[in-house]
Amino acid sequence: MEFSVLIGYIAIILALVFGIVFTDDGISFALIQNFINGQSIFITLGGTCFALLAAFPFKTFKNVPKHFRLIFGRDQKDPYEYIEIITDLSREARKKGLLSLEEKALTFEDEFLKESVLLIVDAIDSDKLKIWFDQKMANIDRRTEEELKFYQMGAALAPAFGMIGTLIGLVNMLKAMNLDGGPEVLGENMSVALITTFYGSLMANCLFIPMANKIEMAYDRERLYKELIIEGVISIKEGENPKFIHEKLLNFLEENEKAPSSDGERKGLFKRKSNE
Amino acid sequence: MEFSVLIGYIAIILALVFGIVFTDDGISFALIQNFINGQSIFITLGGTCFALLAAFPFKTFKNVPKHFRLIFGRDQKDPYEYIEIITDLSREARKKGLLSLEEKALTFEDEFLKESVLLIVDAIDSDKLKIWFDQKMANIDRRTEEELKFYQMGAALAPAFGMIGTLIGLVNMLKAMNLDGGPEVLGENMSVALITTFYGSLMANCLFIPMANKIEMAYDRERLYKELIIEGVISIKEGENPKFIHEKLLNFLEENEKAPSSDGERKGLFKRKSNE
Amino acid sequence: MEFSVLIGYIAIILALVFGIVFTDDGISFALIQNFINGQSIFITLGGTCFALLAAFPFKTFKNVPKHFRLIFGRDQKDPYEYIEIITDLSREARKKGLLSLEEKALTFEDEFLKESVLLIVDAIDSDKLKIWFDQKMANIDRRTEEELKFYQMGAALAPAFGMIGTLIGLVNMLKAMNLDGGPEVLGENMSVALITTFYGSLMANCLFIPMANKIEMAYDRERLYKELIIEGVISIKEGENPKFIHEKLLNFLEENEKAPSSDGERKGLFKRKSNE
Amino acid sequence: MEFSVLIGYIAIILALVFGIVFTDDGISFALIQNFINGQSIFITLGGTCFALLAAFPFKTFKNVPKHFRLIFGRDQKDPYEYIEIITDLSREARKKGLLSLEEKALTFEDEFLKESVLLIVDAIDSDKLKIWFDQKMANIDRRTEEELKFYQMGAALAPAFGMIGTLIGLVNMLKAMNLDGGPEVLGENMSVALITTFYGSLMANCLFIPMANKIEMAYDRERLYKELIIEGVISIKEGENPKFIHEKLLNFLEENEKAPSSDGERKGLFKRKSNE
Amino acid sequence: MEFSVLIGYIAIILALVFGIVFTDDGISFALIQNFINGQSIFITLGGTCFALLAAFPFKTFKNVPKHFRLIFGRDQKDPYEYIEIITDLSREARKKGLLSLEEKALTFEDEFLKESVLLIVDAIDSDKLKIWFDQKMANIDRRTEEELKFYQMGAALAPAFGMIGTLIGLVNMLKAMNLDGGPEVLGENMSVALITTFYGSLMANCLFIPMANKIEMAYDRERLYKELIIEGVISIKEGENPKFIHEKLLNFLEENEKAPSSDGERKGLFKRKSNE
């Protein structure tokens, strides 16, 4: 569970409630109902969703639950572990040959790692492998971009539908001015009008923009792991020095990741390394 | 028929109608006529279309029906089928030589596939083929971009003409204030003014932006098929292993497409594959 | 003469006039004078032009008549004809050698085609030719970009000077409120203020943006012809099969251009082709 | 200490205070309290920070102190010194071989320089070294971009939350108009509303935008040093002429940096150079 | 002296003065003082400059006088002359060898040309020379971009500080409404508020945007000369035909530059050429 997202959302809601209820005359929770208007929510949220439905196929919407899991889920993977595994594989490949990696690869949980190691076991030459990986990454990037576009368009449509709702309220108000001329209708319609702008701005800045960023970061992280694995297996294929591979892959990590995340469980790897 | 677009548009209209007619005093369908104003539609829609006419040649407008078919039409093609066909061709090429593919190619319905297979049958070397395909794709991309620009410019011009209409209403109103000073003219002119902004925003966010996105997605899909075919036929030309080709092309698909869409009809292909 | 531009501009003017004069009380042509204000035109148009003068050298302004000819002129060239000419040249080069092309090239009206054919007649090797053409195209692109920037900056400056005019009107109005307090001055100043915004928006959306697009499209078309010629002459230089060259160059065309535009006059070319 | 930042911020604050307190009736410091409103600060600053918390993981926030040090810290490094060191190394490598550099490298304080020199001492061939450095730089660029995105998103969110706060104030005001109708509440609420827009704009233009720029410039500077070192050590590896290396690296510097910053201490280097 | 800039600025000022003083009641120069307000200038100009000071180091400000000279200075160089010089050098190199160029190079005033010719005199192979020039150009581009960023950020900050000034005026006005309720304060504060927006917009559209464009164009011109020189000296190094070099370099020029700017003084060059 990635708590920062949850804390962020709770804090935003509290800040908004605080901003609404706190007045110079004290705190008045009754003011919250000024900002709850089913009709306004329907115009803004509905309009945005329906315009997204006109712009994207159904199957794009099916990705939304996956994206929520991405956002609230914590990245469980330790990149250092990947480096250790790949360095181990490179040592084994040097001693026993590439074919010996097949058995080990089949035990890996990470699908991309498994597939990549199996590819180098096959007698495919390095240049074709590089093209293979380039195409795979290009196709992943293309799909990622398509998924992100959904939220980016949402972030653009929400304020637009907020403004459309505001215009509906204003036109109704202005026409009513001619018919009745009462200031009550004016105030009521003006507030409905502004609430849709408020909703549209909230949806864009608290929902679509942070979500798009979180998803992009999660995919960037995934991409980094994949690049690390590709660099690693191609280095194994080309029979590079295990120590050189290990050092090279460390370049992919940030400073604070350049060590095992928990000392205890990884000691075995290090001992093996010192025996080298 | 791609129902999501239709549902999207019907839902947007319903949401707007609901937002207009629903008031605190109940539902008043009479309010809809506040938002129907021939003159305002003419300024906004006409202005936008005429400015597009000044910015693009006639023939760009001739593409619009094709684009509507793209948007409402469903993508009938199963990418997995392409992969099966190409894998079959690669097996046949290995057994009987590249020339044997010519006869089969002539039966293909897909023009791009047919043309591409016929190209590798000819004795053109791989490097020239790659340049050929690169140029073909570059020219397709250039044309796609030109077609999309039409809708992107529409999305920018519509709110601008909405605002121009609003300014016309406001200036007329302000001048009339000096002459007559009556509040009725003010309200009337203000509402006309705001309705053009409303139309401009609707046109941009419900028409041009979703259309541009749909068309781009349809072309991206077409492009993917073309890239898959190009990768496939070049691999056949270079005599790669059919199994390797099959696996490589699967990289172009999303997870849920990596199997035949209907089990029954494709079984034959799979049986042949297992006999290999 | 490209009629779409002319029709577009006439239609925009009619739409604006219609929007201005049509009121609920009927049609009043007197309202047009509300929108004609020499001072406002001077601030907006003058301000934009003078800021462009501060941002670009005189010689950029000298390109404007050329751009107008580009916009209103019709593209007379038939790309299919270029392909026919290049295919013919490639056949002649095969039969009689590259040197035989020189005489023919000197008769070409198209300067770029003539120069390109003369280049391959000289004994310059293909790699140097490619660098030559790359540099030529890069320099053309650089100049095109510079010329487009003028209109793009105009499209950004016009609404800005519209707003500056509006601010001048508003400040004068607000100061006058203190001195006289008369509502007539207020209305008058407000309308002057808004008319500059109206002019600025019109200039950007009806003049600069469509012009920039038209010019870009005309240059893109020119660029396409040039790329087609370059690809063609380099293929001739490398002694490629005339039929292959013909097919390859067809990739540069849209579907509806892939045939001679008038059957009669080009029959000769086709007959020759069938004799091949 | 980089004083320009400090002076800039102090001057901004003075300019704002001056703008607030100076009126036609003289200077009134009491007006400052019009612009201090805890609730408004909380909505704008809190909303922005909490939305950033929803959009970025905790560890992005941990970089903030490091960024402040970057902004207020002065770049202590003299790029000319790097060039001198690398030129010296290249002379030594020519005379005594690459292995002789190891001992010297271990004394370097700059981690990147040390690591880079140690890499060329190892018997890794130049092509692999170039890939190594390319990957290292690509990963550094990726992380820099991620860190900058935090401030760029802040610069976009701050005015948005300013506007959300303004909408809260306006809606409360409009609803209150119906209940009480008093102008005091209107003025009070309007000012709260506008103060959040004021805060949002200040946060974006005085905090996030300058910070993002300063950080980017600091990282660009760091990147330049790294590129200079990479170019230098690869040149040493390839045994280039020390004088040529020295001249080549000077290309990385601006005119005013192309000499030692203090004559005295670097004279030794120059004497050595003349003895060469 | 580039007169277009001066004329542009004088014309902008005249247009603004005309827009301000011309009213329906005739011309009133007293209105100009409505637009001169020291406090507003200080908030907008000061705020923008101080925020730039927070965003850029001191040394960026030191470039400003150089940029002013660039803007008002006329480009004295005749690109055709460079081509003539390089063609002459290539003829001499063919006859007497590369070493013979050294003496001539030392007489060149243009630093870049001198340095480049001296480089090819040295026995550095072509590939290394190309890397040298690529790095030199990349570093020049990087510095140019940094210098332009200063004005681009100014163009973004000026309207922002204009708006901040407007908000200060509005908040003071709204608070004052509660205390005194007098309309005079309202008008006064509103006009101060709007004048800062006016200044901010003027600064961005008349100062920063045109300056950024002029500087970019001057640097683009400089860059073109440098590319021309680089292409020329590398061609000399590779012993290309002087006539071919001359023709190739003409590609860098616009049509109207493809001849000597003054016939008289260049005749010598042409005579020599005909003797070739």
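For this structure, a couple of remarks:
The letters A, B, C, D and E name the chains in turn, as written, and every chain counts its residues from 1.
Keep in mind that, in the parts below, a contact is a pair of C-beta atoms (placed from the backbone, for glycine too) under 8 Å apart; a residue touches a chain by one contact, two chains touch by 3 or more.
Chain-to-protein mapping (UniProt): A, B, C, D, E = Motility protein A.
These figures come from a predicted structure and were not determined experimentally.
Considering every other chain in turn, the ones in contact with both chain A (Motility protein A) and chain E (Motility protein A) prove to be D. Interface note: chain D (Motility protein A) and chain E (Motility protein A), two copies of one sequence, contact each other through mostly non-matching residue numbers (shared numbers fall below half of all numbers used). Mean C-alpha position of chain A (Motility protein A) lies 41 Å from that of chain C (Motility protein A). Mean C-alpha position of chain B (Motility protein A) lies 26 Å from that of chain C (Motility protein A). For chain A (Motility protein A), residues touching at least two other chains, in rising order: 188. Chain contact topology: the protein chains form a single closed ring, every chain touching exactly two others. Touching chains close into a ring; read starting at chain B (Motility protein A) and passing to chain C (Motility protein A), it gives B, C, E, D, A. For chain E (Motility protein A) in complex with chain D (Motility protein A), the touching residues are 39, 42-43, 46-47, 49-58, 122, 124, 128, 132, 135-136, 139, 142-143, 146, 149, 153, 156-157, 160-161, 163-165, 167-168, 170-172, 174-175, 177-178, 188. By the touch rule above, chain D (Motility protein A) contacts chain E (Motility protein A) in their complex via residues 2-5, 7-9, 11-12, 15-16, 18-20, 22-24, 31, 34-35, 183-184, 187-188, 190-191, 194-195, 197-198, 201-202, 204-206, 209-210, 213-214, 217, 220, 224, 231, 240, 244, 248, 251-252, 254.
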